[in-house]
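One chain, chain A, links the two complexes that follow: it is found with chain B in the first and with chain C in the second.
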Partner chain A sequence: MKVPARAPFARASARGATALALIAAAGCRGIQSALDPAGREASRIAGLWWFLFWTCTAVFVVVTAALLVALFRRRTAQSADPKRGRALIVGAVGATAAILLLFLIVSVSAGRAVAEPAGPNVLRVQVTGHQWWWEIHYPGTPDNRDVVTANEIHVPVGRPVLLELTSADVIHSFWAPNFHGKKDLIPGLKNTHLFRAERPGVFRGQCAEFCGLEHAKMAFTIVADPPEKFDRWYESQLLPAAEPATPSETHGRDVFLSSPCMFCHSIKGTPAFGMEAPDLTHVASRHTLAAGTVPNNRGNLAGWIADPQSMKPGNHMPPMAMPGDDLLALTDYLESLK
Partner chain B sequence: MFLAAALAAASLLTACRKNPRRLTEAAPSSGRPDAVQQGSLQPGPKLAAMNVTNPYEGNPFQISEGQRLFNWYNCSGCHFRGGGGIGPPLMDDFWIYGGEPQNIYATIVEGRPNGMPSFRRKIPSSQIWQIVAYVQSMKADKPIASPPGPREDHMQSSEGKESK
Partner chain C sequence: MSTPRERPRKEPEETALPADGERAELRKSWGTPAGLLGWLMSTDHKVIGKRYVVTALTFFALGGLEAAAMRLQLARPENRFLNPDLYNQIFSMHGTTMMFLFAVPVMEGLGVYFVPLLVGTRNVAFPKLNAFGYWIYLLGGLFLYTGFAFNRGADAGWFAYVPLSGPEYSPSHRVDIWANMITFTEVSALAVAIELIVTTFKQKAPGMSINRMPMFVWAMLVNSFMVLFAMPAVMMASGYLALDRLIGTHFFNPAEGGDPLLYQHLFWFFGHPEVYIIFIPALGMVSMIISAATGRPIFGKPALVLSLVSTAFLGFGLWVHHMFATGLPQLGEAFFTVASMMIAIPTGTQIFCWIRSVWGSRPRFHTPFLFVIGFFLIFLVGGFTGVMLAAIPFNLQVHDTFFVVAHFHYVLIGGAVFPLFGALTYWFPKLTGRMMSEKLGRWTVALMFIGFNVTFFPMHWLGFKGMPRRVYTYLPEAGWSTANLIASLGAAVLAVGVLLFVINALRSMRAGEPAGDNPWAASTLEWATSSPPPPWNFDRILVVPGQNPLWHEKELSHVTGLRSDRREVLVTRPLDAEPDHRAVLPGPSIWPLFVALSITVGLVGTLWTPWAVVLSGLLFLVTMTAWYWPKGEPTGKHPVTEP
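Showing the complex of A and B:
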C-alpha cells in the first residue's frame, strides 16, 4: 500500500487545528465569558472588542500582503524614486494615526455608554468581599425588607442593578464578565458598578484580584430572572428559616445551635446571628457551596461540615468532628432551609 | 566562600520555619486540659505544678488568627483591645483567675462569675488556643515576634462594613 510520507503528519496537524479552533470558539460561549454578553454593558464592551479584533485582523492582513509584495516584486527604476518612498511612508503613518484615532473615539464612546447614570428604578445591592466569599445584601425599602445572602446575586432582567462594593479585609475584585468589566472591592471605600441584565440565565463570576490562599475558590453566581420570578425569589428570601418538619431536622437544628456553627453563621428565626460567615437562612436554595467551590448537594454539604479544610484549605471554617447521626441530622436540617 | 554561601542558605531556610501553620487542626473538643489547677491547696504531699504549654505560644500566624477571633467572637466587646472596660484588662499583670495559659483556656471554656460567659462547645479548642496565644502576646513584657497582622490594627476588618 502506498501512502504519501507526509500524510499522517498533515492529518494530525489538521486535527490539531480543528481542535484548537473548536476550543477557541468554545471560549466565546459560556457562563463566564466576556464574549457571550448577557447585559447591556457587556454588549458594548464585547462590541468594542470585536471592532478592535477585526480592525487589527484587517491591518495584519494588509501589512502582511504589503510585506509579501515587497519581498517578491522586482526592484525597478521607479521604486528607487525617493518621492514615491516618502509618499508611501506618509500614507502608512497617516493610516496608522487615523486607525488609532478611530480606536480612541470608539473606546471613549463605549466607555461613556457603559458609565451612563442608573436612573430612578435602580436595584441597589451591597456586595462585601471577605476572605474568601461574597456577602450579598439587598437593602430593603421601605424598611425591614432587607435580604442577606452569600455568593449568589439574583437580578431582574431589564432593571439596572447598582452594586455597592466594599471589603471587610483585603482588596478583592468583582468580575462577572457576562455583565461588565472588573471593579475592585477596597476596605473602607465604596465603589459602585452598574449593569443591566438583558437575558435570563445563570452566570458565574470570580474574584479578580489576588486576595490570599483561596483566591481561586472565591466565585459567585449571578442568576438573571424575569422580573416576576425575581420578585418571587425576593419574597421567599424575606421569610425566616423554615421550621424543622421531621425529628431529624429538629435534632439537626439543636446540633447547629449547640455547636460552634452559630457563632459565625446566622439563621433568621433562630438565636444564631453570627455575622462573620455566610448567612444560612436559605442555604439550600443556593447553587453552590463555599463560594462556588462545589455544587450544593447533600454529599458536598456533609463533607464540607465535616472537613472544610480538605475542600478549601486555609478558609476560616474549623473542622467539626461530630457523631455520624448528628452530622446527618445537621445535613437534613440545612437541606430543609430552602 | 562556599561556607558563607552555605551559612546564608541555612539562615534562609530557618526563616521558612518561623511561622509554622497547619491547615488541618484537631477537631473541637468540649473538654479542658487535665492539668488545670485553680487553687494552691491540696491534700497529701505537694505535687509539682503541672503547667500546660500552649502549642501556639509565640507563633505569629496563630497569634494573628487569635486576634481575628478575639474580634469575631466579640471578646473585644468587653475586654476591648486588651485594656479592659466592661471586662477586666488582659494586658496587665493582675489575673483574678490565673494568667497561665491553662487558666486562660479554662476561663474561656468555663466562664467566670460576674459576666464572663462560658464558651464551652462554642469555640473549637484549636481556636481557643489561638485566642490564648493572642491574649498572652498582649502582656507588655512579651516581645512581639512579628507584627500580629499583615496590616496595622486600625486597617483590619470592620472598617469596610461600617462604610456601607
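Showing the complex of A and C:
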C-alpha cells in the first residue's frame, strides 16, 4: 500500500509483526473459515454441512449415473414400458421426499442446538455497526465497569457470549465464521447472537451485508483467551488512557487535543469524547487498524492518520494535514495507548 | 436414424396451400407498413418477440462485460483495476441487468414469439399492448444504462436494501434511476403476462384442449401467472422507495417509524418467485428439446405440468429464506425451511421424468440437446446447494457469501441460460430459416460447460473460507487468491464460449444451411409453417388431433371460414379449445410507442420533480385516447357461424 508518510515509520513494532503473522496465517490456519470451527455453534453447523454434503454427493452420483445410462443405453423392451417407468419415478420421488424429511429433521435439530439459551453466566457484548467499523461495548453497569473498544472483541473460552447487535446507519451483518453464522445489524432493531468459543486463538470476521462503499474493508478481530487472560485484558481496558511518558508523546497528545481528531474520537482520561469514530483509549493494544484493513503498526498508523483515503477510499475520516513533527509526535502518543 | 424420427408427419403447405390470391390478401391484411414508421408501428408478435430476444441478449452481453470486469478486479488481492465506487456500481448493474433486463425479458420474448405459433394462432391477444410492453422495457433499459454512462449506475446491489438505498445514505440519483427502472421493466413483464395468458386461454387452435398444450406453452402460462402475483410486490417496494426518496414518505425510514425489514419482505416476495419466473420457461424448453431429440413424446406430461404448477405455488412460500439472518422468530423461519426443501420434490419429479424420457431412446446429440445435458449436470449441483441453503443453521454460515454466489449461478446459468442457449439453437431455424453450425455449437457447449464450472465451483469453497459477496477487494493474507484466480480464468473460458455462440449465430444467419419447415422432425405446431413464418403465421388454422400434432398419422385438417381480408383470429374456449367466435385484432399502430414515451416522461422526470407525474399523466391521457381512437373498422366479436 502506497502511503506517502510511510518512509520514516518503516520500523514495524513487535506487536505489528505479530498481527501481520496472524493475518498471514489466515489462509492455512483458517482464522476466517466456517470449516475450521473454534466454537460450539460453528462445530455443530460444520457437522450439518458435512452430512448434507455427503448425502447430496451420493444422490448426485446416483442421478448422474441414471442419466448416463439413459443417454447411452440401447433400446430394450423394458424401456418402452410406461408402467415400469412410472413405478421407478414414483419410487424416486418417494426417496427424494424421504431424504428431504431427513434433512429437515437434521436441520431443525441443529437449529435447536445452536439456539440453546445462554444461562446466567453469559457475557453480554453490544456491537453497533457503523459505515465501516464496529463499535464494541461491554456493559459493566451497575459497577461502572463499561469497556468500549472498536473492531476487536475479546471473549473468554468456554463462556457463552451474547452479542446484542444493532446499527447506527445502514444494515450490516456480523459474521465470525469460526464461531457461528451471521446475524444482521439493523437500525432500530436489536438482534442477539449467541456463541461460545471452545479454543483460544485470534480469529477474523467481516461484514457480510453490503453496506456501501467500503463494505469490503469492514472486518474485525475476535480474540478468544483463557478466562484469566480475558479478565486481565478486561481490567486493562477499564483503565483510562496512559499518561504520556516522553516529551514527544506529550506533544502528540497536545496535537490530538488541538486538532479535529477529538471531535470524532474519544480517549478516556482526556477531554476528547467524540462518539462518531472508534474509541482510541487503548488503540495501541488492538491488532489491526481501520477495521481489519491493515496490521496495527507504527508505519500504518502514521500512514492512516496522514492519508486515510488512500488505504480505505471513501471512509469517513478526513486526511489530517499536519507538519511532520506533529505527525511523528501524534503517532508516538497513540502508540503509547496500550 | 431411428424410426421414430421418420414417423409420418404432416407437411401442411403441400396439401393445404391456399390460392396465391388468398396469400396476397393475408399479406395485405397482416403485413406491416414499410419504412422506419412501419418499423416503429409493428404489432407482429414475431417482430416484437425477436426485438425482445435481441435486446435482452444485448443486455446479457453488457452484464457479461460487467462480470468480466469484476473477475478481473478479483483475480488478485488488493487489485487496483476498479475503485470501490465503480466496483459497487458494476456489481449492482450486473445483477440488475441480468435479472431485470436479460433473464426475464428474454424468456418473455421467446414466449411472445413462440406461444402464438405453438398454439396455432396468428398473433397474441393484445398486439398493441405487446408493442407497448416492448417499448417500455427498451426505454427502461436505456434509462438505466444512460444513467450508468453518466456515472449514475445503480450502486446499492440488485436488491437495494434500505436504509442504504434510502435518501440519507444514497443521496445521488443512482438509486432513483434504479427504482424507476424497476417500474419500467415490471410494467413490461405484466403486459406480456396478460397477453400470454389470454392468448393461451382463448386462441388455441381448435382441438388443442388444455391437456394437449405443449410444455413450453404450459411453462409460459405458469410463468405469466407468477408474474401477475410477483411483480406488484416489487413495484410496491421500488415505488415506496422512490416515494421515500422523492417526497420523504418514510415508508422504510426507521428514524420515523418506517421499517427496513418491510422492504426486504416485499422485495423477496417478488425476488424469490423471480427466480422461478426465469427458471420455469427454461423447464418448458428442456421438455421441448428432449422430445425433439428423442423423437418421442415427453414422459409423464401430467406430472411435469403439475410440477410446474406446484413449483409456482411453492415459489411464493419461501421468500424468508433470504432473510434468515435478520432475526425473525425461529419457529416462523422453520416453515420457510420446509417450503424451500419441498420445492425439490417437483423439481426432482421433472428430472426423473426427463431421464425416463431419454431412457433407451438413443437420442440425437445435437447442440440443443447437449445444452440440456449441461443443464442437468449443473442444475443438479445448484439444486443440491439450494436444498442445503434451506437448512437455517447452515444458511446462516454461507448466506451472503461466495457460496451463495456459486449457488445461484449454478441455478440460473445452469438452470436457465443453458436451456435458453439450447432453445435459441433449437428455434434458430424457425427464427431465421437457417441452421446454426453444429460444429461451432459443440465447441460452444464444451467451452461454456467447462468455463462455467471452473468459474463458479471454486466459489463454494471461497464462501466457506469467509469471503462475503460484493467485496471489491480482499487481503493477500486471506488465502482467497488462488481460488479467485482460477475463477477469473474460468470466466475467460466461459466468455469465449458465449462469444462463439454469437459468432455462430451471426454467421449462420447469413450463411447457415437452409432449414426447411421442420429440421428437427419435432411434433409441435411452430414447425408446421415456413421458416421464418409469414406475418400471418399459418396459411390455414390447423385442427389439433392429439398431443403431438405433427407426429400424427393422418393429415391435419384445418379451419375454414376465417376471413383473410382483415386481421381475424379464431377464438376458442379455454379448456376444450372448441371454436367460440372470431375476433379482429388491431393492426400496426404508433401509439404504443407514444404511450410508452409518455410514461417515460414521468419516470425520468420524477428524478427532479414530482410535477413530472402530472405532465406524464396528461401525455398519457392524450396518447391513450389516440390509442383507442376508433378507426372505422369493426373490431371485436363475430360468431363463428357466419359464412
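The working rule: the second predicted complex is superposed on the first by the 284 of 338 C-alpha atoms of A that agree within 3 Å, B and C clash if a C-alpha of one lies under 4 Å from a C-alpha of the other, contacts with A are read in each partner's own complex, and residues count from 1 in each chain.
Rule of thumb we're sticking to: a residue touches a chain if its C-beta (ideal position, glycine included) is under 8 Å from a C-beta of that chain, and two chains touch if they have at least 3 such contacts.
Note that the structure is predicted; figures quoted are calculated from it, not measured.
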Contacts of A:Met320 with chain B and chain C, given as first, second, both or neither: first
Touching partner for A:Gly188 - first (chain B), second (chain C), both, neither: both
Which superposed partner A:Phe263 touches (first chain B, second chain C, both, neither): first
First, second, both or neither for A:Ser236, with chain B first and chain C second: neither
Touching partner for A:Thr96 - first (chain B), second (chain C), both, neither: second
Partner chain(s) touched by A:Asn297 [first = chain B, second = chain C, both, neither]: neither
Partner chain in contact with A:Asp169 - chain B first, chain C second, else both or neither: both
Broader residue contact with chain A after superposition on the shared chain, chain B or chain C: C
Touched partner set for A:Gln309, first chain B, second chain C, both or neither: first
Footprint overlap on chain A, where chain B in one structure and chain C in the other make contact: 169-170, 186-189, 313-314
Residue ranges of chain B touching chain A (in the complex, touch as defined): 23-25, 27-28, 68, 72-73, 121-124, 126-127, 150, 155-161, 163-164
Residue ranges of chain A touching chain B (in the complex, touch as defined): 126, 128, 137, 164, 166-170, 186-190, 258-260, 262-264, 276, 307, 309-310, 313-314, 316, 318-321
Complex contact set, residues of chain C against chain A: 2, 78, 83-85, 88, 156-157, 161, 163-164, 169, 254-255, 259-261, 299-300, 303, 325-327, 330, 334, 337-338, 341-342, 344-345, 348-349, 351-353, 355-356, 358-363, 373, 376-377, 380-381, 384, 387-388, 390-401, 463-466, 468-475, 477-480
List of chain A residues in touch with chain C within their complex: 1, 20, 23-28, 30, 32-35, 41-42, 44-45, 48-49, 52-53, 56, 59-60, 63-64, 66-67, 69-71, 73-76, 78-80, 82, 85-86, 88-89, 92-93, 96-97, 100, 103-104, 106-108, 110-111, 114-115, 131, 169-171, 173, 175, 177, 180-184, 186-189, 191-192, 204-217, 313-314
